[in-house]
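Next up: some structures, all given as structure tokens.
Next come two complexes, and both contain chain A; in the first it sits with chain B, in the second with chain C.
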Partner chain A sequence: MGTFILIVPAVIFMLLFFIYPFLYGLVLSFQPAQGDWLANYARFFADSHLWRTLNTTFNLALPVTIINVALALPIAFRMRHKSRHQRWVTTILVVPITLGTVLIAEGMLAYLGPKGWLSQALQFVHLYDGPIRLTHNYWGVLLSLVISGFPLAFLLILSYLTGIDPVLERAAATLGANSWNRFRHIYLPLLAPGLAITFCLAFVQAFSVFPSAVLVGAPAGSTRVISLAAYEAAFEQYDYPMASAVAMIMGLAQLAVVAAVLALRRGFYRGPVVGGKG
Partner chain B sequence: MKWLERAWSGLLLGTMTLFVVNIGLMVAAVATNSFARRWLGTWLPEGYTANWYLAAWKEFQLGAVLWVTIEVVGAVVLLSILIGVPAAYVLARREFAGKKLVVLLFLLPLIIPPMTYGIPLATVMYQAHLAGTLGGVILANLIPAAPFVILVMTPFIEQIDTNLESAARVFGAGTGRMFLYVLGPLLAPGILAAGLLVLVRTIAMFELTFLTCGADSQTLVVALYYAVFAAGVRAPQSVDAMAIVYMAATLLWLLIALRFVNPTQLVSRVKEHPRPA
Partner chain C sequence: MSFNELQLKGVSRHFANPAGARVLALSELTVTVPRGEFVALLGPSGCGKTTTLNCIAGLLPLTSGSIWLDELRIDVLPSEKRGFGMVFQNYALFPHMTVRRNVGFGLRMRGVATAQAERRVTRALELVQLTGHEDKLPGQLSGGQQQRVALARAIVIEPPLVLMDEPLSNLDAKLRLEMRAEIRRIHRELGRATIYVTHDQDEALSLADRIIVMKDGVVQQIAAPQEIYAQPANLHVARFMGYRNVLELEVRQVNGNAVVLGGNGLRLEGVAKQPLERRAMAAIRPEDIALDAAGSLAGRIEAVEYCGRDSLVDVRTASGVLLHARMSASAALGESVRISVPPERVLVYPAEAA
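On to the complex of A and B.
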């Protein structure tokens, strides 16, 4: 019994500062400033200024997630064998995680802006003479989410890939499978669960985009995402019940996508990822 | 089919280089601008100066902001280890009813993005008059940090031989002395790694700090957000100077962290992998 008490502080902390606020927000969202208990949710889906944010967020988060996973998978597959090479490349690819969304936004404004190096270079080689518009719109946010999200997708997929026993691949190679067939028939089925989780985590991260939607997007128009709507309700209108309702809708939308992906994954192989004797 | 494979790996290498080079140029653009005297539509600025760093230091009260950042990050690292490591010990060593539920409780804050639980959290904190204080910011940042320590440390503790603890018990050590003299030294590398990772993540944590901080409890990343947000008001060079200070602060610790940990651990460990002996 003695050591069991060691876990109590952590559990109490989580209950007090994570579970309690969440439940409080849930209850609060059903206590609108005016109207019946569902008024906040009804208002969200009636007001086009609000429900459109859900569309906007999906339009950003889904393409970003697909791009990130599709880019990360082949690169991670290439890097799956342990070498000094691998350590260096992962380190270089990790750095953008620590830049953080705010610094990436500032960098994009400087580098991709109308007088930045990219547009100067394009004009220099006469590839494209007009001003490039990659900031303060949809593409700016998309790009910043790819930059900040790709390393996470890459590292997750890489860590799943290195968990798959290379003996299985060598066995396939002995039987004459080329690298595409080894990927298609050995790695892909074993990787499916990891890929599903990577997709979910990458999606959830992209779905809650906030600073870059403001800094490199058009926060009043094409990149007015749902977390912005929640923030405005809480800190500009001081309507905490409405803000909680938006946060709950946001959580539910994420949950729906995660549930759909995990359900889809059930169609794939499940089993051990290591080869055994006999 | 040999040329097809060649072309494919060339394409991959090209994509990767394009990604890395462009990010490098992006950072270089910010760095160059932070030292630029005047830079309008040319390849390189007309002259260089370090004055923007002085300007940023004064305008954005960088000294105070840096001090708050150090306080917040230091407290979060210490507290998350203090409550996380003992909890990880229990998860690694004991079986109990409802263990799955407890693990889920620690996993949730790492799966749910901060923006989603941050808004209800900020609401509660405003009601409890915790928001806007240094303590509130620290508590908010502990929510993802403590579970992160627990998830990193649990597999680490699992691999330590239980006989060592039994031996300590036989010789009459209580839980406290066993932790101090037996487990502590064995766990030190793991704690160091977990602490460094929490440190890097907390410096970069924008959402939770942004939602719960007040005017005098901003960390560096939030101050940078406000500086970029109000870009028209300040000279862009001094905003960039601040961005470089922020990046230097993160990068320094990241490089230290990478000496001790594998980069794949920077992301929450979702699954355990068999390690080659």
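On to the complex of A and C.
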């Protein structure tokens, strides 16, 4: 009874701000302006202007997630031992999480735009004289998502890593394992479930990209992501049922990837990550 | 890998404490361990014994000194190149690997062929009597079984030297006695050197061929268990080896090693272990105090702690000195008794600088 009372606020919150809006949207998506109850979904997959946003979003979110996890893993691995050094580097690496996508986008425009500092510097030393095209296209959004998504991946992996008993690595060393084998046979298998979770969260974050797709991307072309399609339906065409349908498809796509990764995770060892009695 | 002796030459290790000052963890340890010997590093926690072990294993770099395996200098090699087997205090079993894969890990890292590795793992598990548990994960085993896996994993690589860091401290008393016998048996069967860290003098006495007693990073005495037990080199070793009665007295008479001490209304004859000045400390083991109608010390029994075979008895002398005695004779609380100590069992050391 006591524990029940404790979870009541959380349950009410979930019902009010997640379950109800979700169900409302779900029902709304089946009440199109014209046609039968599946008309919105039929229209989404019939109209290339719409279904292509799904591809575009996957083309951004998957590489971004892989880059962020692949980048965060070796850096977090180097930082796994507690030290003053670790605290400083962690702080610096985590700063982008506090900036917000808009500030990052502004910074990118100033540094990486055609007349930005990077372009000018490269032209100054005559390394590359052509114009640099790193904004207002696919690469701009990719870069912005890497900058804003990296801290989350890094912090998550670091916390999983520091939870692994360092004495295991020392034991492996005395048994003849060099640093690569210690990573490969001890850290990686124990970290795998954490990496799966990190991948899921980083993917969901990247998949719902919106501001940077507009600010540093090409929102009419190569970075017309699915959230833009939902936005247009809702606030430009005032077709809420269609916007809900797009949001449902978006949610389903995310769910499919998360489910696939978690299914893969079942194959990994998921027990304690210490090597003996406490 | 066959070898004749492990040599530690002036091995030292300093740490920086949080305030930035240098702290001595291990000072100038020089010792030679021949093949087949079982050496115990004994001392209270924080005495530098685990530091010593980690230095030998390559898990900590030395501040100065060198370590040699016959003609090969090994303190410059990383841990994975030294090839010593190590048993950790909390076992450090790989939680995601079965018992078989845990034990086989060292062989796999050495590229031993699968069939041969399989045979060696089976034999190691037989040696620690864990046959039948090959496919379990460490989490499914009891503490004692985990300890055996850790032992098998350390010895299956046939290391020249097995290092053990308080391997029995997490086990209950009964299991500890059983594993102690196992460790001794396995050491004999392998015929290699073992260095064993412990804070338990019983463990050190029963297992080791030679004991190194340490305090604050400094070696106090290196000797056979019998000698450590009967002839502690200094007061610290004596205290650690169970000389519970330590009395500060004045030196009245010196005749070679034989001394007569007095003060506090007592008169004691003893043996000087170090050169003495005016004041001295007499160390007496509770076991060496006996009820004796003709004894020179009189007192009253103040407390009796029954231990089965014998009792721990506190005797307060007329002058107020409290002595701990272990005696099998029945003693009643409040009873007046006379006690004596054989002079050769009263060890006399210089008084500690206050």
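Odds and ends about this structure:
One rule holds for everything that comes next: the second predicted complex is superposed on the first by the 265 of 278 C-alpha atoms of A that agree within 3 Å, B and C clash if a C-alpha of one lies under 4 Å from a C-alpha of the other, contacts with A are read in each partner's own complex, and residues count from 1 in each chain.
In this text, a contact is a pair of C-beta atoms (placed from the backbone, for glycine too) under 8 Å apart; a residue touches a chain by one contact, two chains touch by 3 or more.
Since the structure is predicted, the reported quantities are computational estimates derived from the model, not experimental observations.
Model built by superposing both complexes on chain A: chain B and chain C fit together without a clash.
In the superposition on chain A, A:L122 makes contact with neither chain B nor chain C. Of the two partner chains placed by superposition, only chain C is touched by A:P189; chain B is not.
In the superposed model, A:L71 makes contact with chain B only, not with chain C.
The partner that reaches more residues of chain A, of the two candidates chain B and chain C, is B.
When the two complexes are laid over each other on chain A, the CA centres of chain B and chain C sit 80 degrees apart as seen from the CA centre of chain A, to the nearest 10. With both structures placed on the common chain, the touch criterion links A:Y231 to chain B but leaves chain C unconnected.
Shared-chain residue A:A42: touches no atom of chain B or chain C.
Touch criterion met: A:V204 reaches chain B, while chain C stays clear of it. Of the two partner chains, chain C is the only one that A:T174 touches; chain B does not reach it.
When the two complexes are overlaid on their common chain A, residue A:V261 makes contact with neither chain B nor chain C. With chain A used as the common frame, chain B approaches chain C to a shortest CA-CA distance of 11 Å. Shared interface residues of chain A (contacting chain B in one complex, chain C in the other): 178, 274. For chain A in complex with chain C, the touching residues are 165, 167-168, 170-178, 181, 185-186, 189-190, 269, 271-278. Listed in rising order, the residues of chain C touching chain A in the complex are 57-59, 78-86, 88, 90-96, 105-106, 109-110, 137-139, 143, 146, 150, 153-154, 157, 163, 170. Partner chain B is touched in their complex by these residues of chain A: 2-4, 6-7, 9-11, 13-15, 17-22, 24-26, 28, 71, 74-75, 78, 87, 89-112, 115-118, 120, 147, 150, 152, 155-156, 158-160, 162-163, 178-179, 194, 197, 201, 204-205, 207-208, 210-211, 214-215, 227, 230-231, 234, 240, 243-244, 246-247, 250-251, 254, 274. Residue ranges of chain B in contact with chain A, taken from their complex: 1, 5, 9, 12, 15-16, 19-20, 22-23, 25-27, 29-30, 33, 40-41, 43, 83-84, 86-87, 89-91, 93-94, 96, 102, 105-106, 108-109, 111-117, 119-126, 139-140, 142-143, 146-147, 150, 175, 200, 204, 206-207, 210-211, 221, 224-225, 228-229, 231, 236, 239-240, 243, 246-247, 250-251, 254, 258, 263-264, 266-267, 269-271, 273-274.
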